[in-house]
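Each of the two complexes below includes subunit A, the first together with subunit B, the second together with subunit C.
Right after this comes the complex of A and B.
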C-alpha cells in the first residue's frame, strides 16, 4: 500500500490555490462593489478604479503560482507522479501553508483598504498615486508569505527523505 | 534636475490694455497669478461674477450640445484618438473662429432644445405601451369600456380577482336576471361583463362588490379600436423621435464650432476669474504672480515691447509660499509625475526626480524581468510616441516612462534569461523535438532564488543608503553639520557595520549562497564601527531634550529605529518574488498550451493559450511592477529623506480641451 505522502503534497497545492484564491475573491469582490458605485457617478474614472479593484487580486495569483510549482515538483502535472514518503508529503503541505493563509487574510483585508482607496481616488482623483499605496502596503505580507512558500517548496524538493 | 527657481513678478499697466495683456499672458502660460487685492482703498476689485457666470453658462451649453451630438452622431474616432492631442490654431485662425462664437451658442441652444423635445417624445412611448397592455385583455369586448347601459339596462364591465368561472359568477349573482360574459382570464384576474335590467342594478353591483369588482381602464372607445388608435399614435411618436434624431445628427458638422466655443468660453471665464482678483484703480491695474526665472525675461520684453507697462521682477522672500515646478532632462522628466503624485519638494528640499528615475527604471525592470514583455511594452509605447507627435505633455511623459521601463525590463529579461517565460524552451522541446533555451547573461533567479534574494537585499541597501545620502547633502547644504553627523553618519556606521558583521557569520552567507566570508578582523572593525554608531545614536537621538535621563530614553527609542532598516531591507524581497511570479506564471501558461502535443491541433492550441495567457500575465505583472516600484520609492526611499509639501506651479493658461493657440511671437 502506497503511503499518503502524495496526497498531502497535493493537499498543500490545493490549499494554496483554495485559500489564497478565496482571499482574492473576497477582496476583489468588495473593491468591485465600491468601484461600480464610483463608475455610476462618473464613468470617466473607470480605468482608475479598475486598477484599484485589481490590487487585491494578486494573492490568488500567488496561490496559483505555489500550487503550480508544487504540482510540477511532485509530478502530478507533466506526468511521472511517483510515490512519495509521508514525511516529504507533509513537508510540501507545510510549505504551502504560508501563502494559503496569509493569502486568505491579506486578500480580504487588502480588499477593504482598496474600497477606501477607491473612495479617495473618486473624491480626489489627483491623489490617485497615493491611493494605490495603501492597499499595496497590505500586499507586502502576501509577498513575504509567497517568498517563504517558494523557498520552502524548492527547498523540500532537495530533501531526501 | 532641479526645482525651477521662481521670480516674483508685478505687472502694472493701463486699464485700456488690460484685455490684451491678460490674453497674452494666458497664451504664454508662464505666470501663476495670485490675487493682488490688498487692504488698500485705492486699488479695488472689479465684480466679475456676472460676466463670468454668463461665460460659464455658454461653456456648459456647448458641452451639453457636444454630449448630445456624441450620443446621436458619434464621431468616428480611432482607438488611439485620445493620443492625438489638441488641434493647433494660429492666432489668425483663432481670430477667425472667435467671430463664429455667437452662432455656435445659438446652435448649441437649438441642439439642446431638440434633445429636450426628443426626450419628451421618447418618454411618451412607454406610457402608450402601458396603456396598450392594459387594454389588451379587453380585445374581445365590442362595446366602449365606459358604456354604462341603455334606458332600461345596465352594463357592468370590469375585473374580479382570481380565476372566476362563469358558473361561479352566476352563483355569486344568485337569482338576479342577468347575462354574464367572461371576456378574458389570467390566473390573477378575470375580465368580465354583466348586463342586467336597471332595477336589478343595485343587487348585481353588490354581488360583484363581494367578488372585489374593479373598473376597467378609462377609455371611450371599444377596446380593439382603442388599441389600434394607440398603435397609430406610437407609430407617429416613433417617427417623430426618428426625425428628431436625424435632425440632431444633422448638426454634426457644427461639432468643431461647438468645441471651439467650449474652449473659448472656458478661457474667457478663466480670464474673468483672474480679473476678479486683480487690484484696479480708475486707469490702471496690477497683476501679482510668479514666473520661472528662465521665462522672466521673455515675459518682460514681450510685454514692454507692446504696451505702456511696468514689469517688475524681484526675488521671492524667505517665508513666501513659492509654487514649485520641476525641470529635468529627457531621461528623468517622465518620472516627475511619480514624484508629483507623492508630493512636490518642499522648502529647502532638492528635486529627487533624477535619483528616483535611476532606481525607478532599474527596479521596475527587475520586477517584470522578461525580455518579451519588455519588448512589447517598449515597442507599443514607442510606436505611439512616434506616431502622435502632437500628443499632450502629460500623456507623452507617461508613455515615455513606460517606454523606458520596457527597455529596462527587456534588459533584465536578457540578464535573467527569460523571454515570455520559458517559451523558447517549451516551443523547441514540444514542436521541434530539441530543447533550446535562452541562456541568461547572469543567472536565472528560479534556479538559485536564495542567491537572488541576497542581491535584492544588496540593491535595497544601496537604495536606502542613497536616500540617506540625499539627507546628508540637504543637511550639509543647510549648514547643519552636526545634524548631518548625528542623523546620517551614525546610521551609516551602524547599518553598514552590522551588514559587514553579519557577512562574517557563516550561517548568513550559506543561506544567501555567498561563497566568501568576511575575515574575522574586518568583522571586528565593523562591529566597533557599528558600536560607535549605536552609541552615537543613543546619545544624540533625543538631543532636543535638555534633561539627560529623557534624552537617553529618547535616544534608545531612536536606536530602536534599526528595526525599520531591517524591515525596509526585507521589503526588497518583493523584487525576487514578483520577478519569479512573472516567469513562473508565464511557464504555467506555456505548459498548459503545450499539453496538446506535437500536431497541428497542438500548435493551434498553443498559440491561443499563449496569446491569452501571456497578455493576462503581462497586464497583471505590469500592474504589480508599477505599484510596487512606486511603493519602494515612496515608502522606503522617500522615508529616508523626503517630506515634500510643495505647491504645484499652476500658470494662468489656456485651459482648453480641443484647441491650442500657437503664439507667433
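Right after this comes the complex of A and C.
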C-alpha cells in the first residue's frame, strides 16, 4: 500500500507538469502563429508580439514549480523517498490538480486572448500596453490555482496519515 | 475547411486591413479635381503596378491588378482556396453564358470573358463547342447543356440568361451553406435574396408573368420565391408590401429612389454584415470579409474614377459611393 501512495503522489506531480505544460504549449503555439503572421508583414513589431506570445508560457512554469515542490516533498528528488500511505498519496494528487487543470485551460484560453492582442498591437502599435492587459487577466486564475496547489502541497506534508 | 483557426492568416490580414481605403481617403478621392489626380492619390496608397512615375495610367489595368493582388494574398495564406470559390462563381457563370452565346452564334468575340474564375475559359469554350458538358464542374454541367439546348432551339438569349443566372445563384447559395462558415452562409443568403429582389423589380417593370418570375428566382431562406413572384406579377407596391414583411424592408425606400440606390444599399448591407469580422481573430470569416471589402473598395474606386472621367458632379458621384469596411 505504501508504494501505491507514492505512485499517486508522483501522478499528481506528473499531472501538474503535464497538463499545465500542455496548456502553455497550446497557448504559446497559437500566439506564435499570430506573431509570425504579424512579423511577416512588419518585422519591426517582432519584440512587441514576442512579449505577447510568451504570456501563455507561465502556466507551464507554474506546473513545473508544483511538480518540483511535490517531488521534493515526497522525497523523489534528492533521494530518500519515504513510505507513504495511500490516503496521503491521494492528498498530494488532489493538491496538484488545481494547477494541472486550470493551467491547461487558462494556458489555452490565454493563448487565444494573446492572438487577439497581437492583432490589436499589429493594427494599433500605440495601444500595445493595453493589448497586454487582456491576456494578462487570464493569468489571474492560473495564479489562484498555483496558490491553492502550493498551500495544499505544503499542507499535506504536515498531515500524519 | 471553415473549422480551421487560420491564426497566421488572420494576423496577416489584420496588417493588410491597415491598407484598406477608409471613408477619409474616399473623401480625398472625391475632392480630387480630376481623374488623374485621383489616380495619383491611389498610387500613393500603393494601388496599381507600383510604377507611380508613369505618365499615363490604364485605370482598368490598375483595378484588375488590385483584384489580382487580393487573390494572390489569399492563395498565399490558405492551403486550399476552394472555400472562396463562392466569390468566383459569378465570373464562372458569366463566362458560361458568354461561351454558350459565342458557340451558338459561331463567332469570336474577344473581351467578353472575365478572368479569375475557377474554370479555365478555354476549357469552358472547348467543352461547350464539343458538347462535352461533363468536362465542366458538376454544378455547371447540367445547366450548361440545358442553356445551350434552349438557345439553339429557341434562339432566345434572355431565356438562356435566366437559366444560367438562376444556376449561378443556386451554386453560390449551395456553396455558401456548405462552407461551414457563418459569414459565407450570410454572404450566400444576402447575394441570392438581393438578386431575387432585383429580378422581381425588373420583371415587374417589364411585365413578366408569374411563371417566368418563378422560373427566374432562386430559392433562399429570407425571401419566399412564390410570394415574391406573386407580388412581382402584380404591382411595384405589391413588391414593396411583401419586402416590408421580410428583413429587407429598408430596401423599399431605396427601390423607390432608383436601381442605383438599391445597388448601393445592397453593397452597404453586405459591408455592415461583415464588419464584426474586424474583431474576429480566428476562422475563415476575417479572410472572407477582407476579400469582400477589397471588392467593395475596388468597385467604389471604379465608380469615383468613372464619375471624374465623365465630369459628373461630386454630389452625384457621392450618392453612389459605398460604405467602407474600415
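Couple of notes before you dig in:
Definition applied: the second predicted complex is superposed on the first by the 158 of 161 C-alpha atoms of A that agree within 3 Å, B and C clash if a C-alpha of one lies under 4 Å from a C-alpha of the other, contacts with A are read in each partner's own complex, and residues count from 1 in each chain.
As a convention for this text, a residue touches a chain if its C-beta (ideal position, glycine included) is under 8 Å from a C-beta of that chain, and two chains touch if they have at least 3 such contacts.
No experiment lies behind these values; they were computed from the predicted model shown.
Applying the stated clash criterion after superposition on subunit A shows that subunit B and subunit C can sit side by side. Look at A:68: by the touch rule set out above, it reaches subunit B but stays clear of subunit C.
In the overlay built on the shared chain, the residue A:36 is in contact with subunit C alone; subunit B does not reach it.
In the superposition on chain A, the chain among subunit B and subunit C reaching more residues of subunit A is B. Contacts of A:122 after superposition: subunit C is touched, whereas subunit B is not reached. Once you line the two complexes up on chain A, you'll see the smallest CA to CA distance from subunit B to subunit C is 9 Å.
Judged by the document's definition of touching, no subunit A residue lies at the interface with subunit B and also at the interface with subunit C. Within the complex formed with subunit A, the subunit C residues making contact are 5, 7-12, 14-18, 281-282. Partner subunit A is touched in their complex by these residues of subunit B: 338, 340-342, 449-450, 453, 570-571, 573-574, 576-578, 580-581, 584-585, 588, 591, 620, 623-624, 627-628, 630-631, 634-635. For subunit A in complex with subunit C, the touching residues are 30, 33-38, 40-42, 112, 115-116, 118-119, 122-123.
If you check the complex, the residues on subunit A that touch subunit B are 51, 54-55, 57-58, 61-62, 64-65, 68-69, 72, 77-78, 126-130, 132-133, 136-137, 139-140, 143-144, 146-147, 150-151, 154.
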